[in-house]
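First the structure, which I've put down as structure tokens, then a few questions once you've had a look.
Order of writing sets the chain letters: A, B, C and D. Residues in each chain are counted from 1.
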Amino acid sequence: MQPAAAFASLEELVRQIPDGASITVPVDGAGVALAATLALIRRGARGLNLITAPNSGLQADLLIGAGCVAAIETAGVTFGEYGGAPRFVDAVRRGTITVKDTTCPAVFAQLQAAEKGQPFTTLRGILGTDLLANRPDWAVIDNPFLPGDKVVALPAMRADIALFHAPMADAEGNVWIGRRRELLTMAHAAKTTLVTVEEVRDGSFLDDEQLAAGTIPAMYLGAVAEAKRGATPLGLAGRYGVDDGFLRDYVELARSEAGFARMLDRLMGAARAAAE
Amino acid sequence: MSDIAYTTKELLISVIAPLLAGCRHVACGASSPIPGSAALLTRMRSHGQMRVTVLGSQKNNFFTNGNGELFDVAGTGRLDTFFLGGGQIDGQANINLVGAGGTYPRNDVRWPGSFGSAYLYFVVPKVILFREEHTRRVFVPKVDFISAPGVSEPGIYRPGGPRHLVTNLALFDFDPARVRFVLKSVHPGHSVEEVLDNTGFDFDRPDVVPETPAPDAATLAALRGTIRREIAETYPRFAETAFAA
Amino acid sequence: MQPAAAFASLEELVRQIPDGASITVPVDGAGVALAATLALIRRGARGLNLITAPNSGLQADLLIGAGCVAAIETAGVTFGEYGGAPRFVDAVRRGTITVKDTTCPAVFAQLQAAEKGQPFTTLRGILGTDLLANRPDWAVIDNPFLPGDKVVALPAMRADIALFHAPMADAEGNVWIGRRRELLTMAHAAKTTLVTVEEVRDGSFLDDEQLAAGTIPAMYLGAVAEAKRGATPLGLAGRYGVDDGFLRDYVELARSEAGFARMLDRLMGAARAAAE
Amino acid sequence: MSDIAYTTKELLISVIAPLLAGCRHVACGASSPIPGSAALLTRMRSHGQMRVTVLGSQKNNFFTNGNGELFDVAGTGRLDTFFLGGGQIDGQANINLVGAGGTYPRNDVRWPGSFGSAYLYFVVPKVILFREEHTRRVFVPKVDFISAPGVSEPGIYRPGGPRHLVTNLALFDFDPARVRFVLKSVHPGHSVEEVLDNTGFDFDRPDVVPETPAPDAATLAALRGTIRREIAETYPRFAETAFAA
């Protein structure tokens, strides 16, 4: 038998995220580990280097509002049609977090470089932007095969931890993500990966050709925790939708720190109720 | 011209749709119901020749390689048209999705971020700038932060760039050789003076600026039938309110 | 409705491969379009630039033996346990084809660069090999983030055509490949892709989350042709195994040109019989 | 030592297995039934701590990202041990999988090609060279073509490289600091002289070279039971012939 991934409780899972860790998280709706995010806030995480792959909304805003984040690297933080991200905007304006603005394909390319163990990657575009002007950790190099052709070089993005939520794990700890392949890339790219799932099923997804095509093998995973409705109040495709009412209230109320605290309480209360 | 009453959103869809004619593949980003509707309308008229990707849709999103596939599709020349907006847009078609006022990163106003603009603006042949609000707050002489530049120096790989700008007031083309917008038409009920008053940068215009044609009966029927149903999958509230009954 | 991929006959499909085209093909057993390869030989293709992704066996040997190939870029051509590739070995020794030796991860990295539309990629390793010494189309550059650290730069591998065989297509021309993700990368990387399938099914694989995870969307495909047992005498995982007897005979007999001609006749006869 | 009769393949498996102790992940390439059996044996003894990838297997191959995943796993430090061979291997552990004699590319003898060796030899910490044939045809003073070099200059990224060499005659270690093989043991029934006669390069050896221990009864029982069943999934003919009954 091959070694299985370690199954853990939510609390055990977030204990594997030390203060100061760099963490990659997916787009709202693509499998955000929100229950784990609340557990991380409960344990009082500090100094996180949050990397959104490539953008975020509620998850980033909660972690920033709760004081867990020292720096964020992001192509965008927004609640989309609901409005702006209140704690993100406030923290950036007040300078209480470091923001590294980036662009979506840069994040994907850097994750792929890390996935391959390559030191850096290159990308078209970006030249002449103020993104590049503000990223001393990026470089401009020559295309070795076309003299005078400049490309932007980007370092591999190997986070300490990738954190996300998925529909299901099997008994060996393989995790099914379907066509959400960016989660696979995140898992390959990070040093280790922590996943929450809606349910744990018997058997092995790798024995089923259809499921195998959308599966992250256990070897990439540091821990798997069961968390029913673990993305709520965000949605999980094919399982449940987003909680419209909550997000509407949040973008309004979280403009103030007091309002944010009330909204966080509301989530924590719901999480406690769900756990009982 | 049509005598049928129509909503502003129906007009904007009918303005954008002809700009997409002949495209093989049009994609619309998140929170883009008007471009999405225009793309679906043009697809309907293409007799099966045009592909539409509506991000956030299940039915009209064929990607199976994760979120990054949009950028790979664009980078390999498989995407003809994309839509971008901006908190600020200037007369050289530079766009700013990051923030205004103060000093970056501590801008007075902070927007979500640049998303894919810094790449797509370079590689998608026909980028359509779309911003409903037409004010001097948006259309500034010079953006405070360049998320993506309107043009690039010679020698920089740039098969793509801005070609059109659509607002609540008017339709512009962008001339990359002259690095200037050209006013093409002003929407019914608005005037060239109104456009001038609300635009913070210089642009070219013909002596006589045409009025944007109102959507015809066939277009409105398509919008209120097939397109309303198709866009409702991704934007249900938009589908309820954007179209006249 | 989205545009569907064009369904074609085998003959129509191979007509889309002009003489002199560069073609990427997968590993033996991973979905080799062998029936299409025979059709290509029947139409008398010449001057092909064959790129094995990353290695090959029977398919490359047949195309070389039939005189279709001008150059081959490969990490290896072999029949594995059955023995060496007789026509490949003979052609290389006689200098009748150009061989560009490469290494597997270089091919994968170059395909990914092409998939992304990037002009080149870099890879660890390779330094100090005679592969590098014989590849003037590769370069050695500095890692811009670590002075003195050399990496090998490789141009993107954008073939004219990717050609392979898969278990099934749907009515829209989407093709299911399961966990054979290298076929997806090949399709993304090539200018167009020609696929043969065991069967065409109703509906759309993209409407089924499990199937979608292993599907190549129609937009990447230039043509899809039904070819039952289209990989025979090679195997197709989950469908049928390899024809041991044929491969055993082939590695023996194809050492001579006359023997090769007999083995090719045997395949062509079997293909005719299957088509009737 | 054991009094039980055993096959040469059983001996080689029992020689390789202890070299894998403590590894978290061992992978074996195509056409590698002996390394595969050794890996499965060591996994059995690891109490669930070791992962084995047998290329060509369905059961013992967890990759879900295509053929390239092996190289990504290796490049990110997730693969501890891999096996390589060579048409030629020289005393500096350079390996040649391409061809011999004549002038490249028109060598007199052409082998299949370098496969992943030019990368894996650099990044996998413990590469075990395995070649059953121990002759001067294989073990040459200098390879005719370097598919992958045994050592690299300082400054070249090289966390991996050759650590052991196993043949039908003997077990060697490779000392990367001295760039030389060291003879560790000679298999039962063979002699140091035989090794010297059949090796085309110089190597180090202790004054007294130990005999390779024969597989013990427990090892042979495991090989002929569990391991035979497990390796049969990928190598059915090997499973039938390699093990004594």
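As a working rule, contacts are C-beta pairs under 8 Å (C-beta built on N, C-alpha and C of every residue); 3 or more make two chains touch, one makes a residue touch a chain.
What you see is a predicted model, and the numbers here were worked out from it, not measured in a lab.
Path length between chain B and chain D in the touching-chain graph (shortest route): 2. Taking the definition of touch as given, a chain qualifies here only if it contacts chain A and chain B alike; those chains are C. Counted by C-beta pairs in contact, the busier of B-C and C-D is C-D.
Taking each chain's centre as the mean of its C-alpha atoms, chain A lies 40 Å from chain D.
Here the CA centre of chain C is 29 Å from the CA centre of chain D. For the pair chain A and chain C, the distance between mean C-alpha positions equals 36 Å. Chain D has residues 63-65, 71, 75, 123, 157 in contact with two or more other chains. Counting partners per residue, chain C has 105, 112, 116-119, 123-124, 149, 151, 179, 181, 184, 212-214, 237 as the residues that reach two or more other chains. Taken as a graph of touching chains, this assembly has some other topology, since it is neither a line, a ring, a star nor fully connected. Under the contact rule stated at the top, the pairs of chains that touch are A-B, A-C, A-D, B-C, C-D. Residue ranges of chain A in contact with chain B, taken from their complex: 27, 30, 53-55, 74-78, 80-81, 84-85, 88-89, 92-95, 98-99, 101-106, 108, 112, 123-131, 134, 148-151, 179-185, 237.
Only residues 30-31, 58, 63-68, 71, 75, 97-99, 102, 104-108, 110-123, 145-149, 152-153, 155-157 of chain B touch chain A when the two sit together in their complex.
Contacts from chain C toward chain A in the complex involve residues 105, 109, 112, 116-124, 137, 139, 141, 143-146, 149, 151, 153, 155, 177-179, 181, 209-214, 237-238. The part of chain B that touches chain C in the complex is made up of residues 25, 43, 48-52, 60, 62-65, 71-72, 74-78, 123, 157. For chain A in complex with chain D, the touching residues are 1-4, 114-119, 174, 184, 188, 206, 212-220.
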